[in-house]
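Some structures are shown below for you to check.
In the two complexes below, chain A is the common chain; its partner is chain B in one and chain C in the other.
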Partner chain A sequence: MARVRFDKLRKVFGRDVVAVAGLDFEIADGSFVSLVGPSGCGKSTALRMIAGLEEPTSGRLLFDDRDVTGLEPRDRDIAMVFQSYALYPHMSVRENLEYGLRKRRVPAAERDQRVARIAAMLHIEPFLERKPRQLSGGQRQRVALGRALIRDPEVFLLDEPLSNLDAKLRVHMRAELATLHARVGTTMIYVTHDQLEAMTLSDRIVVMSQGVVQQIGPPEEVYARPANRFVAEFIGTPSMNLMAGELDEEGGKARFRRNGVTVPLPDSLTAAADARQVLLGIRPEDIRITADSGEATIPAQVAVAELAGAEKYIYLDVAGMQIIARTDADSPVRGGDRVGLHFRPDRLHLFDGTSDEAKAIRAG
Partner chain B sequence: MTRSFRRSLAQGRTYLLVILLLLFVGFPLFWMLMSSGKLNSDIVRIPPVWIPFLPTLEHYEELFEVTQFGRWFLNSLLVCSLSTISAVTLGVLGAYSLSRLKVRGKELLGRSVLLAYMFPGVLLVIPLVLVFTRIGLMNSQVGLALAYLTFALPFVMWVMRDFLASVPVDLEEAAMIDGASRLEALRDVVLPQAFPGIIATGIFAFLFAWNEYLFAAVLVRSHDLQTLPPAMANFASAMDTRWGLIMAASTLATLPMAIAFAFVQKYLITGLGAGGVKG
Partner chain C sequence: MTVEAASPQETVATRVAGIGRTLIPDRWLGLVLLAPSAVVFLLLLIYPLLYGIWTSFHSVDILDLASGGGSFVGFDNYLWLLQNAQFWHALKTSTLYAGIVVTLQIVLGTAVALLLHQSFKGRAFVRGLVLFPYMMPVVAVILVWMLLYNALFGAINYILFSLGLISRIDAIAWLSQPDSAFAGVVLVSLWKYFPFVVVIVLARLQVIPQDLYEAARIDGAGAWSRFVDITLREIKDVLIVIALLRTIFMFNNFEVVFLLTHGGPMQATLTLPILVYETALDGDRAFGRGSAIAVVMFGLLMMTMMVYFRFLRREDRQ
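Showing the complex of A and B:
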């Protein structure tokens, strides 16, 4: 097991395609960290640099205090699960599992022992003599995990390992992965574009966009206090509602204004605000819908109410903008209704400007 | 017309075409085999003797007793094996480099390989003679094998590049993470995937060398060292063409290739298919 430290790690492809613009953070020993972001954000390149499959343009990579920047993949003591599983097609499951041990000259008796242990742990004993093409997607996935686990590596890398599975199996394997990590306790670094996977599995999430880290933190924090507009929109489904408008003041109280709609802001938010152009953010579940459009509410019109099993998504029109609210499935709201909205004041987010990098405005 | 009738009509047409093609390709082989068993007088008789009533082995006997056919055959085997093994070994390594490594000017290199392959042998043979004379490779089997590399190596590289490109990179990366060096990953993981391709290209490289006449005739002059094609050509001269001998020798020379193709047919089909359709 090891701590992984990125020291200004940077990767530029060709002359000026910046894949990773400088990673500078540390992953704690034994933790489960997800690199998450849209495709092309540099997360896979970052992972491949940890694996040694991609050479950094500059910067260093350290496992504990060992500089591994220039080491070959095989000298790093890492294991990796590929999106395609990358099982060796001409070898049986047993040979696939054993390959890394053979390369490291582990004696036959110990190899058998380890294969038996891993096979039992992942429930793949019945398939040991089969070839990968004779296995189902889920079984292949398990073998790929087994091949990585069997070596007992210092760092475990996973590159979108669940994305080739169907939805049901994906949820199942997600839970298995979490159990597995709790059991083996190895440092795991997980790359995904699926923010839900990142949220459910990780101790910490690293949100990346265009080669730059946008925010690092525990899932709850990244969700509750997104650092900028990009993170706010990327994390959470449906994503956070964002409304562009202006900061205003009335009677010493700050408020948000747009097209005649005003939202009073809590003091904690306005203390730090000095920008005039802002984005106001509110998550769908932090909006309460009331039937009457009273004094303290924001008037809105319901466009569509969508039932999604246990909950309902209400698409609303507020001052010419569409926003989404999430309610209980038994909410009586229907398309065409005029309603009043109440935003939970402690769950409001304010962003400085309207660009992707617009920083969250926080209390002093 | 019913649909099933139309379908069987189409099928019949396909069969007819295949049979015609088969006759076209197969007849010379049939004629060669039959003539090799005929008496000299029957070979050129008109109307032709299609199938010899009493086959004779006299041409085969003469081949081994009077000429040095056995030696030439072994010479051919030696030269072709040497050139094929070198071409496949070097070609696969070269193709792997072209398909995987990040080298500046890789595309240009790849294309120039094709150019080298398309270069006509006639134009190469004179420079080769000049160079070989200087370095003492004239009249040598190693020299001839080396000359065969001029077409065998580009051919192997060109075909294998596509084969290797179709082997997922993930596989060798997984192997390298598992503890293999790049060469070990190539040997343990990539080559087994490309095996049908290697067999197919190897067979073709061998076939080209086996049938090659020009280089063999110019670069190797001594009778003892000659390979089959130029040696057999001596059976025909301005004065006298020994048809029986030529047919018997041709039959025996065709045999190893026919056997090889029969054995590796399976690889040949998967191999050529995999190369043609990527992924």
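Showing the complex of A and C:
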């Protein structure tokens, strides 16, 4: 096991494709960390630099206090699970599992022992003599995990390992991965574009966009206190509602204004604001819908109510803008209704400006 | 939304062809479309084959050829062949020639394909250049090589002189001595046909997933291990197919040997196709005997193929 430290790690392809603009953080020993972001944001490149498959343009990479920047993949004591699984097609499952051990001259007796242990752990004993193409997607996935686990690496790297599975299996394997991490305790670095996967699996998540880290923190924190507009929109489904408008004041109380609609803001939010143009954010589950459109509520019209199993998504029109609220499935609200909205004041987010990088405004 | 359901019997073919179900039913349409190529196939492939087999059981001379006649001689032509030392010699030469040329072609072709698979400046140009020998007409190739091999003004001897390896008096007449003539024929065949191997192996190399190599690097495999455990195992199937196709091709190859040496000197390069030519079309005009040799060649190649297919089936079952 090892702590992984990025020291201004940067990767530029060719002359000007900046895949990773500079990573500068640390991953604690034994933790499960996800790199998450949209396709093309540099997650894989970052992971491949940890693996040694991609040479950094500048910066250093340290495992504990060992500088591994220039080392060959095999000298780093890492294992990796590829999105495509990359199982050796001509070898049986057993041969796939023990290939790394063979190359490291582990004696046959110990190899057999380790294969048996891993096969039992991942429930792949019945397929040991089969070729990868004779396995289902889920089985291949397990073999790929097994091939990585068997070497007992210091750092375990996974690049979108679940994205080739169907939805149901994906949820299942997600749970298995979590169990697995709890069991082996190795540092795991997980790349995904699926924020839900990142949220459910990780101790900490690293949100990236265009090669730049946007926020690092535990999932709860990233969800509850997104650092900027990008994170706010990327994390959570349906996305956080964002409304562009201006800050103004009335009787010493700050409020948000847009097309005649006003939302009073708690003092804690406005203290640090200096821009006038802001984005107000509210997550769908933090909106309460009431039938009366009284003084304290924001008037809205229901466009569609969409049933999604245990809950309903209510698409609302507020001052010419569409926002989504999440309610219980038994909510009586229907398309065309005129309703009043109540935003939970302690769950309001305010962003300084309207660009992707617009910083969240926080108290203190 | 409604979808117009197609009846199970109705297929794309009927609809595309615009021929109603009533005119030609599906199962006939397939046959009708296949018929022209089937006829051509029968005429061009099966007929000559059957005629060759028929001829091999008859005594056929040039006049019979015109009338389509010939007298039945049973297995006489085959008996003649079995007792003919030339036949056995040619069989041995052909086998050696095909075996050596195919092996060298595969080794050289694979090596060159591996080189051309690397990225370097001007790769596209070099890839094109490698095809050059394959695209050159055989006759032109042979003329060039005859010049190179020439004892008096050939480039090969010139280079040897220049390097001081031989003196001018010892100028080697490459194609006039048995051993060097055989080697010379092998070299030209190798040069002319190895690009075929390059093209196919290169195409196969390009579809090997890159992440297999990356996984192997992480697993601790060095360059040699990666070549043996991934590259070689990935291209093995095409190498087998190439070996089969090239064996058939080289075993039957007539023009390179004939144009360079006519099977000489002292029969050093007398292969079966040349013997067929000499027996049937040159000198004796013994078409029956010539056909018998050709039929034996055909049988040998069929046996090779059967061994090969059996081998493929075993691989499949694994």
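Basically, the second predicted complex is superposed on the first by the 364 of 364 C-alpha atoms of A that agree within 3 Å, B and C clash if a C-alpha of one lies under 4 Å from a C-alpha of the other, contacts with A are read in each partner's own complex, and residues count from 1 in each chain.
Everything that follows uses one rule, which is that a residue touches a chain if its C-beta (ideal position, glycine included) is under 8 Å from a C-beta of that chain, and two chains touch if they have at least 3 such contacts.
Since the structure is predicted, the reported quantities are computational estimates derived from the model, not experimental observations.
With the two structures aligned on chain A, chain B clashes with chain C.
Contact with neither chain B nor chain C is seen for A:207 once the two complexes are overlaid on the shared chain. In the superposition on chain A, contact of A:119 is made with neither chain B nor chain C.
By the touch criterion defined above, A:97 reaches neither chain B nor chain C. When the two complexes are overlaid on their common chain A, residue A:51 makes contact with chain B and with chain C alike.
Shared contact residues of chain A, touching chain B in one structure and chain C in the other: 51-53, 72-74, 78-80, 82, 84, 86, 88-90, 99-100, 103-104, 147, 151.
Residue ranges on chain A touching chain C, taken from their complex, read 51-53, 72-74, 78-80, 82, 84, 86-91, 99-100, 103-104, 131, 147, 151.
Listed in rising order, the residues of chain C touching chain A in the complex are 209, 211-212, 214-221, 225, 229-230, 233-234, 318. Chain B makes touch with chain A in their complex at residues 168, 170-171, 173-181, 184, 188-189, 192-193. Those residues of chain A lying in contact with chain B across their complex are 51-53, 72-74, 78-80, 82-84, 86, 88-90, 99-100, 103-104, 147, 151.
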